[in-house]
Amino acid sequence: MSFHDNGALASLAPRVSPSPARMSSTIKFGVVGYGYWGPNIVRNLQGIENVEIAAVCDKSSTARRRVHKNHPQIYVMTDASEVMTSPEIDAVAIVTPVWTHFELAKQALENGKHIFVEKPFTSNVRQAEELINLAQRKNLKIMVDHTFVFTGAVRKIKQLLHEGLLGKLYYYDSTRVNLGLFQHDINVVWDLAPHDLSILDYVLEQSPEALVATGQKHLNGLEDIAFITLYFPDSVIAHVNVNWLSPVKVRTTLIGGEKKMLVWNDLEADEKIKVYDKGVEMDSREGLYELLVSYRSGDMWSPHLEQAEALRHELTYFVKCITDGSNPFNDGAAGLRIVRMLEASTKSLRKRGALVYL
Amino acid sequence: MSFHDNGALASLAPRVSPSPARMSSTIKFGVVGYGYWGPNIVRNLQGIENVEIAAVCDKSSTARRRVHKNHPQIYVMTDASEVMTSPEIDAVAIVTPVWTHFELAKQALENGKHIFVEKPFTSNVRQAEELINLAQRKNLKIMVDHTFVFTGAVRKIKQLLHEGLLGKLYYYDSTRVNLGLFQHDINVVWDLAPHDLSILDYVLEQSPEALVATGQKHLNGLEDIAFITLYFPDSVIAHVNVNWLSPVKVRTTLIGGEKKMLVWNDLEADEKIKVYDKGVEMDSREGLYELLVSYRSGDMWSPHLEQAEALRHELTYFVKCITDGSNPFNDGAAGLRIVRMLEASTKSLRKRGALVYL
Amino acid sequence: MSFHDNGALASLAPRVSPSPARMSSTIKFGVVGYGYWGPNIVRNLQGIENVEIAAVCDKSSTARRRVHKNHPQIYVMTDASEVMTSPEIDAVAIVTPVWTHFELAKQALENGKHIFVEKPFTSNVRQAEELINLAQRKNLKIMVDHTFVFTGAVRKIKQLLHEGLLGKLYYYDSTRVNLGLFQHDINVVWDLAPHDLSILDYVLEQSPEALVATGQKHLNGLEDIAFITLYFPDSVIAHVNVNWLSPVKVRTTLIGGEKKMLVWNDLEADEKIKVYDKGVEMDSREGLYELLVSYRSGDMWSPHLEQAEALRHELTYFVKCITDGSNPFNDGAAGLRIVRMLEASTKSLRKRGALVYL
Amino acid sequence: MSFHDNGALASLAPRVSPSPARMSSTIKFGVVGYGYWGPNIVRNLQGIENVEIAAVCDKSSTARRRVHKNHPQIYVMTDASEVMTSPEIDAVAIVTPVWTHFELAKQALENGKHIFVEKPFTSNVRQAEELINLAQRKNLKIMVDHTFVFTGAVRKIKQLLHEGLLGKLYYYDSTRVNLGLFQHDINVVWDLAPHDLSILDYVLEQSPEALVATGQKHLNGLEDIAFITLYFPDSVIAHVNVNWLSPVKVRTTLIGGEKKMLVWNDLEADEKIKVYDKGVEMDSREGLYELLVSYRSGDMWSPHLEQAEALRHELTYFVKCITDGSNPFNDGAAGLRIVRMLEASTKSLRKRGALVYL
């Protein structure tokens, strides 16, 4: 299990430059699902060299009409099985509701296609494990669409943590709230928390030991507000606040370390990340009640971030992994780690907040 | 048990106008503790009619010198017992560390003095109950210093909820984080959460059924970051995020209701409270997967708030309660309710987050 | 000369519903210029019923390739004269640099085409007058693209002022600064100020009596920072701060009135407009030095704004005007009023800030 | 004429350490005026070593009662002449309306007292010159209370400009607006602009060549909104926007340079100053219309600022200048430079905005 991207991204140019021998080999994609996120997948795939979109498929006639209007040249299908069995197609992007991921992914893998699966990977751990095994046997690639870890902000955070700028890590506290969009098949944890959990998985390079999730249902029988505490090794604590019923949109993460502290506000146009030279020092020579606490407050620094579209990065990377046979760091195993946390959250939520070991 | 203030505050003028018969009776205060908060108590008491500060007491000679410099005319004492036993003194303000509250309060009550006690009331439920019983037997008043419920913002929130402006309540989500000030005897929950818990107690007019608290210690053996989920009746959920290790100061509360939603940002100079005409409506005629969700988004409104100093309000109200024999709504019972939640939080924290019934 | 829109917009549906007799008549557009703004014109025209884009024209081969890539079905031309003389074309959108507007517009009108001209209308007053006369003789419509007056924010401001909510108007103070985009043929006043001047013209329904403009050139021989004060009747004063060299983007307008005051921050996602119940009252009974000044501070209110794209609104309105023969309020005369202010600004700037009467 | 502070402040310790010979000599102050700003002068003088407040004087009995309540030990006077002629007093702080400054200052100097005068120094240039001459003849010190140049923010800005961090300076653009406080004897320019003008004088170390001022009167016959453009050598332009009728308080200054750009928001609790690594570069090899413009956007940096109270710094510095005979950089000449700009602004305002050379 590798949490590292091994510098793979560092060398990512916007367009892949494969070796001459491979120049001829175009990757042909089928895209299943053209709802909220599918159009972004299609638009970005179109801009990548050596990629061809063989077909886009959606059960809804409205969605199919939309594909045709936006991309008159793309072939449109109704039945996903057609995509899965087409000998023309090398890789399938599965951009459908979570509960359909397993069956679609399984069919794709069985038919020898690499898969790019929308987050969260599957509805449960068992499904994820089965898909990973299947892909391994078939020598196929799985990439789970954890788009956020391809943003300039998250990559900068990982870099700063990796370089030790913040010192020993204390906590990671994320608030991700807004009004809607209500999902019909999954609660707010399965909808919004995969972003935070995949970022945590990526930047901390560790798995949590245990978690506690609390929340409440108000409208459609699914939790619309929830809070997850994750206990990591070495006293690192993470907290995720997700809410579909907030009047204001908030996307703020505080990261506290021994040496420095960081605030990531993803809604800022510029200055998304601010690094504070602030800290607390304890001097316990005098015993507990005489403990000397000193506070350090210095400059603030906001690093310039790469502006490129994260999804373009990610899909280019997927094509590169297929082409050169390397394994993506956001592979099925990464998808499984997130699903395991989500499953544990559900278990904890059912008990209104119990400690669940992972 | 009454959560209501019964309009007592509505009629609060900055200065009490007691009946002629009582005009002559000045309330003589002793103030024990002149550290961080004590100077505010002294300054505000001085501005209230019919109040006289008979003595200020502190064990620290530095603190005593500070009293003398700021208020050369005030009598300064070293030993709290002197205050407690002085026949000159009618009421004592106890503004010392939490672990000293019980002994000081007990001595004051036994000597026939009304008490104004810094929050949190006591170190545990048993102490609070003993003090309440003692005060009742002695026919003395206890007021616990839940200052925030006397601010213009909290009083406006209570009013809006009471009037039903937000409709059925969904959640209350507070973030109260900053750098320091580390306490030596209590963790961040006992230090910062009493503000949120006393506000919840005041505006919801209900007690939680259960709670879950998670957190972590990084520096001095006491939790410096913690998260509390409180389950109230009727699916109302509250969450409190407290943190001594944040690089930025945040004092933001989201309150979601069926009809409207409210954001209270206490750091805004103006526009502390914003009421959003936003909401979600479900139409389930078509069954779960066809559930129609509609979002409503209208005007935003920020009510003008009263600017007066909360502590002045609170102390004036205390003097009024002593003078006319009425019971303050932030009495010992209110203090006990907060201590009960804090004690439950400690219990839950020790198990790294277990559901604790109240 | 009419500053009013006479409710024309109020009845604007996203799609025009002309009388049955006209149903068959499609308006055929030629678009000249496919640089920064042209693509938005093309995209929006495509969504309007009874509109057909007959051709898009640009001198640059890069631009022409871009048209073809985005809209493979649209006919692309190199020479603007071809558009102007085509018998197929009813109306021309001129989306080219300012110094080319006059010649292109003249040719279009002479060939019997209605014109939609990018702001500012022309390079000087004389040109604008000539085009207005020509259009009148030919019975053709001119619309000048003052897009901002079709935004939800500006229409709401006009409505609030019109209803008298702010009381007697005192001032209008706009800041419109950012980094770049430097223009090669016009200075920052001709680039950015047309937005503010056309908004002023629209919401105040008055022309200024005189203006003073100051500024400075630092890089390419054209002013990159400038300040314009406009004196309107009845002591109304307006100020416009435009700057291409600001590290931060600001789009904020303060509008002060006797009864209320308004802040419009166009960079806010929500709450673009805030109306403050604030004011100053003078009581001069006692003579100048005893003047009693009282300040009023009440609630703040942020009205919900229409979210539709302004340019869609504007182009739909242009088609409606062509179809039913009505005159747009943002006609050649409106364009001329803005050019007159710009010309006066240039005159004032050359003298480093002299009062120029209009 | 020296704009430099010659490092005098760098060595300022909170408390002066005079040479042994002078240790015994306490500076005795009289304070004339105890309105809005006087209490701050008194409070800060009290904290400075070797300073004694001999008397505070105010014509208003309400003000005198306030002195007595806050400082029972300080001697209170009614008649300013008493202060001016008292042999006990070494230095006088004149904290009264502008129109009274000249007479009071003259009387103080004639009686051999050093003077600390509230900004603006005098009502006109002639008065300022007369006072400077008088002080020179009498070998007395004049300090004009330009408090802002003693703040951590302004001192940091001066340092950064001095070090050349921003490169060649382009512009300085300040907005200083709020609701009230209306002055009865001076307009908004004389009330608010002295802050900006004294900061400009201090950080640019240059005097403007000319200025243009525009504005409008709405309420009490004095301008309540005004805009000043100042032309400095080398194409540096400054702009000051002052307004008593704004619903929101703004204290923001943009400073643009060739290499970097700076934003100073004085209302931010932290991060008052942000330095942006942004810029524009022109490459004119290709001729005007082919001018290549490139934009640079890098990190942002917010330096930590000194938190000490500016007025304490300033008064300590005044005492030091009296004690060691050195000349303060904010002396009568500095005060005169500001008054000269104010006088020119008035002249320009009367013509509704004319270029006035200085």
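Should a chain be cited, it is by its letter among A, B, C and D, assigned in written order, with residues numbered from 1 in that chain.
Here, a residue touches a chain if its C-beta (ideal position, glycine included) is under 8 Å from a C-beta of that chain, and two chains touch if they have at least 3 such contacts.
The structure displayed is predicted, hence computed values, not measured ones.
With centres defined by CA atoms only, which chain is the most remote from chain A?
Chain centre farthest from chain A's centre: D.
So using the touch definition from the top, which pair is joined by more C-beta contacts, C-D or A-D?
C-D
List the centre-to-centre spacing of chain C and chain D in whole Å, with centres computed as mean CA coordinates.
41
Provide the C-alpha centroid distance between chain A and chain D, rounded to the nearest whole angstrom.
Roughly 53 Å separates the two chain centres.
Which positions in chain C touch two or more other chains at once?
Each of 297 in chain C touches at least two other chains.
In the complex of these two chains, what residues of chain B are touching chain A?
Touch residues, chain B against chain A: 170-171, 173, 175, 177, 179-182, 184-185, 210, 212, 214-221, 224-225, 227, 229, 231, 235-237, 239, 241, 243-248, 254, 256, 261-263, 274, 276, 278, 280, 282, 284, 288-289, 291, 293, 295, 297, 351-355.
Give every residue of chain D touching chain A within the complex, in rising order.
Those in contact with chain A are residues 270-271, 277, 297-304.
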